[in-house]
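Paired with chain B in one complex and with chain C in the other, chain A is shared by the two complexes that follow.
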Partner chain A sequence: MITRMAMKNLFRNRWRSALVMAGVGMATALLCWLISFIDGWAAGMIRGATSVQVGQVQVHSMEYVDRPTLYHHFAQDTALEREIEQIPGVGAIAPRCYAAGLIGHEADSIIARIVGVDPEREALATVITAGIVQGRWLSLQPTPLSMPTEVVLGELLATQLGVSVGSELVLFLQAADGALGNELVRVTGIIRTGNNQVDRQTVYMPLSALQYIAALDGRLHELALHVEDSSKARSIAEQIAGRLDLDRPGHPDELVVQSWQELMPEIAVMVELLDRSAGLWLFIVYLIVALGIFNAQRMSALERRREFGVLMALGLTPRQLGRVIITETMLLAVIGSLAGLVLGVALSAFHARFGLDLSAFSDQGTVSLMGISFTGRMYTSPSMRMVMIPLVWVVVMSLVCGIGPGVRSSRLDIPQAISGRS
Partner chain B sequence: MWKVAWRNLWRNRTRTALSIAAIGLTHALLLVFMAINEAGYQSAEQSAVKTAGGQLLVHGSGYWQSLSSRHTVDHPTAVISTLEGMVGVEAVIGRVILQGLVSSSHGSSMVRLAGIDRQQEALQIDLGPYVTQGSFLDPADQAANPLVLGRGIIHDLELELGDRVVLTATDPQGEVTRALFRLTGILETGSDSYDEYAAYTTVEAAQRAFAMGERLTQIGVLLDQNAQPDAIRNRLQRLLGERADTLEVLTWAEAYPDLVGYIETDRGLGLVFAIVAFLVVGFGIANTFLMSVMERIRELGLLGALGLGPGKILKLVICEASCLGLTAVSLGVSLGAAVNYYLCAVGLDLKMFGDIEWDAGGIILSETVIHSSFDAASWIVASLVVLAVVLASSLYPAWRARRLEPAQAMRCFQ
Partner chain C sequence: MNRGLLRLLTAPLLLFFLVLVTGDPLSAQPDPDRAVVEDQGLHQDLGELPLPEVHAVVDHLDNLYRSRSSHSTMRMTVVTENWSRTLELEAWTQGEDNALIIIRAPAREAGTGTLRTADGLWNYAPRADQLVRIPSGLLSESWMGSHFTNDDLMRESSYLADHEAILAWVEEDGSRYLRVALIPHPDTPVVYTRLEFLLAGDRWVPIRADFFDGEECVRTFTFSDVREVSQRSIPFVMEVIPHDKPGESTRVEYLSHQIDIQVDGSLFLRQGLRRAAQRR
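On to the complex of A and B.
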């Protein structure tokens, strides 16, 4: 009965109800979209930082963590790798070697970070092959000795050198035995990933080739692990660390396992900061909406004092009257916010599919934060969060806004209210 | 008319107070938000100017894209004297910047080697105080090839003051050249990403070691505060005449387009948010006015019967809205100014969210204290917009009030 009365009351004053609902709806649509936008941004940042290169979990030697140089390597151990792959949640493992070197031709050369990768496993553990804009990824079979070694260059590095697919370059680097290694290489592919370090400085080459040039036979600097659910990275890193302690007591290579949150604390903090800024917006916008709803409900209750007096004279108890008013408020807010959710979800689904055109805001059309670039379009990431969070807040807020007018009306003095002298 | 409107407003105190609170609060929030963002952009721009090395940069044409030592400023003295003669130019700083590899027996590390003149460089930023061991390219220091390295490199390569290190870089002819330097100072700025890359020597040492003659790779130009980088760049290009083809002149914004993109996008999104927030408030206000008109149907009808024409009733309601809007806006401005004053004076430290170095568009922003800046023009514009929203939302209620039939309105009981 109470809900029906509340409904009828709302219908009686269509304009007012519509305006309140429109306000709540707009606010909810905005917040709903904002949550999916921020989630999309954060996911894009985590993805850009982890899935292109770093991976979600990494294993290094203890010394490498402190001083990431050529000399701090560990022995490649396929049995161990296979064992780590068995841990649930772990996708693929990419073994790697790093060296700093000069790459160039007669006219020019550039300092680059040379990464030795297993072409097949690197492609499984990261999304690197999706970044290829020219040519192809390293071939899975080892290059015949008569051919120059294959390399894949970051796009900006290639532009800086003025080379394209097929160009031959010379690579110089200092090997682990102190000798100067050099090698003729041939560009097979060029990548653009949005990760600035990869795009500007990195040269990928087959692991075995780099191990040979840098005198690192059978040694690695890093294992990068792909973990499906990046939020589980921390617990998986702990599991692997436990396994290592158990299996390899007294092993000469002491290994350290770190999750991406430990490897790139600034990204983790940034994601948290984004999340908090969404929370702040939520609070502010709903505070504004709450003031509006409270005002509207208080006034409509005051306006209907006479009506309420009659209702109570007819036997409606104060408690029931209070409930009618609270129900009205909640109905207004919830219906309004449902409409808003429809709008917000639709908009965010649109932007999840087609992306938000960044060039609408800036001629540059690119946004780069924490070394991760978003170019052209930015995609939202819709989830249940974007529906649930605003909805819960709306219910709480409308309850709070309804209680005041409800309690006040339930206390009215019947004769005085009916007579109209208040 | 204004008096009547003002009195009408305060006849229903709580309602008016709540409306004013809603508008004022939103307005104050908007203003503070704007000011904080603007201050953030400004500090980002300052950092960008510092990172770039000046508001204007002169390079050999093609240098900025390739960062290659192939592209040099070949006869820098003429360019420098042209620049020094220009209005709006405060200082001209010549540099040799090379991407290189520093090696010790413990490995090698990528560095950005800057050959600088300490006195000149100090006009923009003096790194001297950040050199925690040794000295910062002190002329009294007798080392022929002095080198100051960031703390991170020292740590990784296990170096000590006085050690000899090999620097490998490409000279302008494209030859890979190795040169011996002596470590005379250790730089510790506190920014990890900076301390992992920074290497400094003198201009002369860098030119000698990498067969550069008198060539420079970069001329950084510091401008007066009010000078427009774009205008000065155009003027410079005209003055350079034929030489302009062999040189590239960039403003800091052209040098760091990603940062400009970040700022513009952030500003755009902020604007969208402000618009939606005020639409929400606008609905609230329209509602309030609609109700206050409906509530006073009899009163307005009586006024009509007493000879107040429809136009005047419309005007009355709009006057009420203006009074309300003005009061709310002044509340918002004073509240905003108070919070802003606090932020200007004290600042809000983001460190409470954790230790973070921002990297926006390739610029490291190590400043984590949020400050605020006050820009009168934008505050006035924002306040006018708010007033306009309030007035716009009162239009429909006012229109309805105008259409009232006096006789019918007076008879009406609800």
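On to the complex of A and C.
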């Protein structure tokens, strides 16, 4: 009966009800979309920071963590890698070697970061192949001896050297034993990843080739792991560390496992900050909406004092009256926010699919944040979060807003109210 | 790159290396008649000994590194924290600009070379048979993994024109030396703040050079085993000691050294370089 009365009451003043609902709906839609946008931003940031190169979890030798140099490496151990791959949530493992080398030709050269990768596993563990703008990724088969070693260059590095796919370059690098290696290499691909370090300084070459040139046979500097759910990186890192702690006969290298949060604390802080700012937005928007609802309900309750007096004279208890008013408020809020959710979900689903063009806000084509550029399009990341959080807030808020007018109306003095004197 | 290493390497060594490479020895003899007392305050420290004329000494240092031509073989021993190794090098110079250094041993690196001409500096990769230009931005990088920098092969500044010089007599271990402190003028593209030579004897033979960054001595070159070649006094051994890398050093010694001989100019062109590099 109370719900029916509440509904009826709402329909009696359609304009007011519709406006309040529209307000709630817009606010809900905005927040719903905002949450997915911020989640998308955070995910984009984590992805931008980790997916190209870092991965979500890395393994290094202890000394390398303190001082990343050519000389701090560990023995490649395929059994260990297989064991790590078995851990649920671990996608793929990319073994790597790093060296600094001089790469160039007769007219120019540059000091680059040479990354030795297993072409197949690197492509599985990272999104590197998606960044190829010219040519192709390193071939999965070993390069025939008669051919120059294949390399893939960052786009800006290639531009600076003025080379393109098919160009031959010379690489000089100091091997771990001090020898000065020189190698003819051939550009098979050029990548643009949005990651400055990769695009400006990095040269990818097959792991075995770099291990040979740098006198690092069977040694690695890094294992980069792809973890499907980046929020689980920490617990997976701990699991791996747990296995490494077990006695490993014949493996003297002391290894350290780190998640992306430890590898890039600044990104972790940014994500945290974004999340908190979303909470703040939520609070502010709902505060404004709550004041609006509160005002509307108070006005409508005051307007109807006479009517309420009659209802109570007819036998409606104060408790029932209060519940009618609270129910009205909740109906307004819930219906409004459901409509808003539909709109918000639809909008964020649209932006999740097609992206939001941010280039309007930036003079350049890309928006760069902390060295990670977003190529002008931001994709929202819809989840249950963006439905549940606004819904819970709406229910709580409408309860709070309804209680005031409800309690006040239930306390009215019947004769005074009917006579219209209060 | 390792920052410490880079810092170390940025101390521009000027052509010390070429001292050895071109081996040019004290060709400019001091003129005793021009030696005048420059600084009353300084010479009191060591008796009433007059100081030579500043210009003559600095000009002598500048010319120390120049000869018409030279051909030499050297042994270079590099000791670092992570490895130590010995290279055998063969080098030619011609005039002020042309120099070619080729690694002869060990076999794995044989043929790798560095070419310097008036147009710039190149590394030669024997496996690829290609030259790679070293842009000016990389001059402070290590040369062939040693404690020399590429800049050491490409000295651009002049002691006389780009530095202010102060002479003093100093005594070390009972011997008397002429100390030349060179302070670069503000716009000179060098990274040291002061460079001090110790010169021995009447012929001003360098025995040591200290590079300062502020008040701190960051790198020391020592010269020893002075021999007479074509009537010039040439230190046959030089050692570089970077002070921020304890235990590390690079030592170069001549195995043979000829100066002012006929050097084939085509060595400093691609074909000649290739022939020289591939000869064993």
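FYI, the second predicted complex is superposed on the first by the 416 of 422 C-alpha atoms of A that agree within 3 Å, B and C clash if a C-alpha of one lies under 4 Å from a C-alpha of the other, contacts with A are read in each partner's own complex, and residues count from 1 in each chain.
We adopt the following convention: contacts are C-beta pairs under 8 Å (C-beta built on N, C-alpha and C of every residue); 3 or more make two chains touch, one makes a residue touch a chain.
Everything quoted here is computed from the prediction, not taken from an experiment.
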- Task: Look at where chain B and chain C land on chain A after superposing the complexes, then choose clash or fit.
- Result: clash
- Task: Mind working out whether A:174 is in touch with chain B, chain C, both or neither, as first, second, both or neither?
- Result: both
- Item | First, second, both or neither for A:69, with chain B first and chain C second | both
- Query: Between chain B (first) and chain C (second), which, if any, makes contact with A:266: first, second, both or neither?
  - Reply: first
- Where does A:299 make contact in the superposed view: on chain B (first), on chain C (second), on both, or on neither? first
- Task: Applying the touch criterion given at the start, work out whether A:183 contacts chain B, chain C, both or neither, answering first, second, both or neither.
- Result: second
- Query: More residues of chain A are touched by which partner: chain B or chain C?
  - Reply: B
- Query: Quick one: which of 27-35, 45-53, 207-215 or 225-233 on chain C sits on top of chain B after the fit?
  - Reply: 207-215
- Item | Residues of chain A at both interfaces, chain B in one complex, chain C in the other | 67, 69, 71, 100, 102, 104, 106-111, 172, 174, 178
- chain A partner contacts - residues on chain B that touch it in the complex: 14-15, 18-19, 21-22, 25-26, 29, 65-68, 70, 99-101, 103, 105-110, 155-158, 168-170, 174, 176, 257-265, 267-269, 273, 276-277, 279-281, 283-284, 286-288, 290-291, 295, 350, 353-362
- Task: Would you pull the chain A residues touching chain C in the complex into a rising list?
- Result: 67, 69, 71, 100, 102, 104-111, 148, 168, 170, 172, 174, 176-184
- Query: How about chain C: which of its residues touch chain A in the complex?
  - Reply: 1-2, 78, 80, 82-85, 103, 106, 108-109, 112, 122-123, 125-128, 130-135, 138, 141-142, 144-145
- Which positions of chain A touch chain B when the two form their complex? 15-16, 19-20, 22-23, 26-27, 30, 34, 67-71, 100-102, 104, 106-111, 113, 159-162, 172, 174, 178, 196, 201, 265-266, 269-270, 272-273, 276, 281, 284-285, 287-289, 291-292, 294-296, 298-300, 303, 358, 360-371, 373
